[in-house]
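After this come two complexes, each holding chain A, first together with chain B and then together with chain C.
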Partner chain A sequence: MLKIKNLHAKAGETEILRGLNLEVGPGEVHAIMGPNGSGKSTLASVLSGREAYEVTDGFVDFDGVDLLDMDASDRAREGLFLAFQYPVEIPGVSNMNFMKAAVNGNRAHAGLDPIKGTDFLQKVKECASLVELDGRLRDRSVNEGFSGGEKKRNEIFQMAMLQPKLAVLDETDSGLDIDALRVVSQGVNAMRSSDRSFIVITHYQRLLDYIVPDFVHVLSGGKIVKTGGKELALELETKGYDWI
Partner chain B sequence: MEPTEEDKLLNEVTGKSYEFGFTTDIDSDTIAPGLNEDVIREISAKKSEPEWLLEWRLNAFKVWSEMEEPEWAHLEYPKPDLQAISYYSAPKKKKEIASLDEVDPELIKTMEKLGISLEEQKRLSGVAVDFVMDSVSVATSFKDKLAELGIIFCSLSEAVQEHPELVKNYIGTVVPQRDNYYAALNSAVFTDGSFCYIPKGVRCPMELSTYFRINEAGTGQFERTLLVADEGSYVSYLEGCTAPQRDENQLHAAVVEIVSLDDAEVKYSTVQNWYPGDEEGQGGVYNFVTKRGICHKRSKISWTQVETGSAVTWKYPSCILKGDDSIGEFFSVAVTNNMQQADTGTKMIHLGKRTRSTIISKGISAGKSQNSYRGLVKIHPGATNARNFSVCDSLLMSDTCGAHTFPYIEASNPTAQIEHEATTSKIGEDQIFYCQQRGIDEEEAIGLIVKGYAKDVLNKLPMEFAVEAQKLLTISLEGSVG
Partner chain C sequence: MTGSKESFTLNFKAPEFSEELRSEGAEFLQDLPVPNRKTERWKYSPIAKLLNGSLKTFGSEGLVWPEEILPDPVPFLNSYRIVFRNGTYVSSLSDFPVAEGVVCSPLSEVDSVEFKNTYHRKEWVGAMNATYHQDGLFLTVDKNVILDRPIVVHHLTDGSDTASFLRHFISLGEGAGAEVVVWCSATDASSGMCNSLLEGHIASNAYLVIDKVCNEGGEIFKFSHEHLIQERDSRLKINTFTVKGHWVRNELEILAVGAGTDSVFNGTYMPTGLEHVDNHTTMDHAHPNGTSSELYRGIVYGKSTAVFNGKVFVRKDAQKVNAFQQNSNIVADQGATINAKPELEIYADDVKCSHGCTVGQFDKEALFYLKSRGIGTDEAKALLVKAYVGDVISSVDRDEVRNEIVRLYSERHGWE
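Now for the complex of A and B:
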């Protein structure tokens, strides 16, 4: 699904990713943990094509295509989804219009006609129920006036609408209370399948109680320094990162 | 350095050339350039005007001759040479026009290019269109239907002939001749425009619409519109325009006067897309317009405008809230790009008791343009319990453009309630990226964000106009869609 080889990236003059390697197979869930400033969010940004970062070396194969060669919208249309740590507000643009533009952007890329109104509404209904997103939030402007928890649920709602091949969750648990965490995790788990992969970036083991990973990686100094199973997360929780 | 997201955006936005830049080849009857009393007499004679109107024009000319061109606006431009302009240009009449079939095929073609063919407009949206090509109205539709209700909707010249008492009664009452330099000039040399009268208690069943188009090279346009809504009546009036590409600056100094009598309501919507000049600021239309309405008791005037064109814009659609309990509204989206300059806003003059006004202004600046909001809210001593609410937002699309806000508030009555909100923001790279990450391409993302930003104003436009307005925003800012 995803093969990252020797990835180097910098923001301005500062090199943040320094030779990162990672392989994610279909249906796998990989957790990426690590201390502050280790490059976790940079990895999410670089994969999704944020232009503030410059890739200086390395290669990323995404299901047979050169990921780094595409712009951000094409990466999304090829099936890469990023659940943002801080979803932005877009005043005046209703969540529904936004979602429709997104769905149709993806469909056009796949050579499909724009989605029919009734099909779209049906899909919205299904996906919204997955994360208990009520109608009020669907009709409001994108993320405007949403609480932290509502924003994160909206991210997972969008993910369900777009059915990506690979979803990167960037600290989706940050700012969530325990109930919201449960709802968001249920939404993610409902979307797990043998051909959809996840990269879950988090600080805390807590999220991984809900979204159980197949692999846990520790990112430090811009590369992966340790890889293990889900028990590695528990070990990190008790011992911290210093021992690695 | 690698081009950043913004540089690319900037290039796309500024690289868009004017889409409606074409010229219609129509035989014109034009007066030699220059301005003096004889020219005014000639205009008046060509139009077979009554003596009182000629006197009125000559008086305006006298007033204008003693005035200086104003310089207070936040604008820089070479002063137009008013002696180099021809003050009259009319497509030569081949014969009397009884139906659209007889309209010059060239004109029909122009309208089709603009996507506003009269036939289609008539059939699809029930809009009565008074199409103004240069200075003379050449096609008017739906007249009979309106006539049944006693509504008069015709060119101003025709109104002068057919309804002189109405014209004489109201012309110059809202915008006096000596109001300002360009209003005085317009009063002296106006060639045509639209006239509209809605009788007492009549609700105009359709949107009245006029399309302006500057067509003759070197011809100044001096349109004059007079709209009178009698007691208890209602009308929604649409004005929209595009102009052909030109190398020299073209002056447009229009006057619009609205009289809203007791309990009447007037909605006046404008979509303006005149040629803004090229990327270096060459050519383009100078748009120095005076628009003003007067509200009598319990009446209401709403100005809604979407401005994307002109090289230099100087325009303040205003309301004089004379009658008690009258309401004035101003909703505006002004887009400037490349070297465009706009100094626009509104004046709300509160005279009557419990008068209310609302101002929502959304400026969008791109390229190296300068976009200024200038507004005055004036509460006179007699305006007890007057209220005003203003929002002035600016959106910057580049690092090289400017947005300025000059809100003036003069309250002479202690019971006045005035609220003013203003924000300036830069179009968010984060917002664009968020859209892109969901599979929306960059251009569409910019379109979505800008339309969202301008939504409060776009929502005020009549349906059939909102589509055109969104199209103009898209054309002005997105780069390829259109």
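Now for the complex of A and C:
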């Protein structure tokens, strides 16, 4: 599904990723943990095509295509989804128009006609109920005036609408209370399948009680320094990162 | 090479009404200079090129209305209509209100009008209008009479090297109300100048709503001057939308001459290519308890230029005034230019005034967010643009007018 080889990236003059290697197979859930400043969010940004980062070396193969060669829109259309750590507020653009444009952008890429109005609404209904996103929020401007929890639920709602091959969740749990965390995790778990993979970036082990990973990686100094099973997360929780 | 001021007006013909104003205008026309780059008010909108043309005024005799332009620019709006073509009244396409307490007709058919506007004493452009104005809307509404439908004032420029001069006069009595849509069109083959002036008097407790739309093809230098005088407790809302225009100068002056007035004025501009759009606004609070709210948003594309100059005066005795001004600009392309200048002069000490002026690029985070969901760059930008100016367009009260403006912008900028 995803093969990252020797990835180097910098923001401005600062090199943040320094030879990162990672392989994610279909249906797998990989958690990436690590101290602040280790490069977790940079990895999410580089994968999704944020322009502020420059890739200086390495290669990313995404289901047979060169991911780094595409712009952000095409990466999304190839099936990559990023759940933002800080979802952006866009006044004046309604959540529904936004999603319709997104769904149709993806459909056009796949050679499909724009979605029918009734089909779209049906899909919205299903996906919104998955994360308990009520109608009020669906009809408002994108993320405008949403609480932190509502924003994160909106991210998972969008993920459900777009049915990606690979979803990168960038600290989706940060700032969430336990109820919101439960709702968000339920949404993610409902979408787990044998052909959909997840990279779950988190600072806290707590999330991994809800979304149980197949692999846990520790990112430090711009590369993965340790890989284990889900028990590694617990170990990190008790011992911190210093022992690695 | 620049033509002379004198030769420029040689082929302009003045009709025979409002003679007093014309003769005064002619005197000032001789004395006033053509503004140049050193004239502060015209610094960013030089008009020297205009003088290169050899323009003339036209009558309407024997002309056929062009097919590509609807005489009724807001087709779904239930409205009255007064239509002009190259400055001349077209009676066959017009439909006036007939009601007790309302006088509405072409200016040329009114015996005498007491113009109070003195723009012709200050600017060469204004002196030309006073001297050569061909026709315009004349509207008076008596005390406590509310006009039942909006009046659409439609001006069409059609033909090369045309000079058109329009002068509109609106006077609302105490407690009266009226809505006017001022719409300007031009065929793609048109060129020349369109010079229009609107003088509006809003008596106490009356309200006036004006939606002004410029949607002109061709290459026309457009001068548009609105002067509105608000008496005590009157309300004014004027929106200025420049949809399309080669060279457009919108000047808006609002003078509050009584207490408790409310003035709302908004505008949008999105020039492309080599277009030029200038918005000069003045809000003058001379009395207490007035409120004003101004929102202008623009995006400059290609090698276009835009100018915003917004003056707000709060005079010494204008206590408890609440004045708001916001001007935001997006420079979409490298070759585009915006000159923005907010000017606030506040002499009263117990007032609430806020203003903001921004010049920036597209919000990169918002753009990335949209793209990260599979929306292409162009479509993502269109969504953001539509939201950005849509905010201003939403202040149009009439659905039919608002939808038509959105439709024209959509068509032009590929929003959908």
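Rule of thumb we're sticking to: the second predicted complex is superposed on the first by the 244 of 244 C-alpha atoms of A that agree within 3 Å, B and C clash if a C-alpha of one lies under 4 Å from a C-alpha of the other, contacts with A are read in each partner's own complex, and residues count from 1 in each chain.
Keep in mind that, in the parts below, a residue touches a chain if its C-beta (ideal position, glycine included) is under 8 Å from a C-beta of that chain, and two chains touch if they have at least 3 such contacts.
Here the structure is a predicted model, which means the values were calculated and not measured.
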Exercise. In the overlay, answer first, second, both or neither for which of chain B and chain C A:Gly117 touches.
Key: neither
Quiz prompt | Partner chain in contact with A:Glu54 - chain B first, chain C second, else both or neither | solution = first
Quiz item: So, does A:Gly64 touch the first partner chain B, the second partner chain C, both, or neither?
Solution: neither
Practice problem: Could you look at A:Leu162 and tell me whether it touches chain B, chain C, both or neither (first, second, both, neither)? | Solution: both
Quiz prompt | Common interface positions of chain A, toward chain B and toward chain C | solution = 48-51, 71-73, 75-77, 81-82, 84, 87-88, 90-93, 97-99, 101-102, 105-106, 109, 141, 158, 162
Practice problem: Within their complex, state which residues of chain C touch chain A. | Solution: 364-366, 368-377, 379-380, 383-384, 386-388, 390-391
Quiz prompt | Sites on chain B touched by chain A in the complex | solution = 2, 4-5, 428-431, 433-442, 444, 448-449, 451-456
Quiz item: Considering the complex alone, what residue numbers of chain A touch chain B?
Solution: 48-52, 54, 71-73, 75-77, 81-82, 84, 87-88, 90-93, 97-99, 101-103, 105-106, 109, 141, 158, 162
Quiz item: Which part of chain A faces chain C closely enough to touch in the complex?
Solution: 48-51, 71-73, 75-77, 81-82, 84, 87-88, 90-93, 97-99, 101-102, 105-106, 109, 141-142, 158, 162
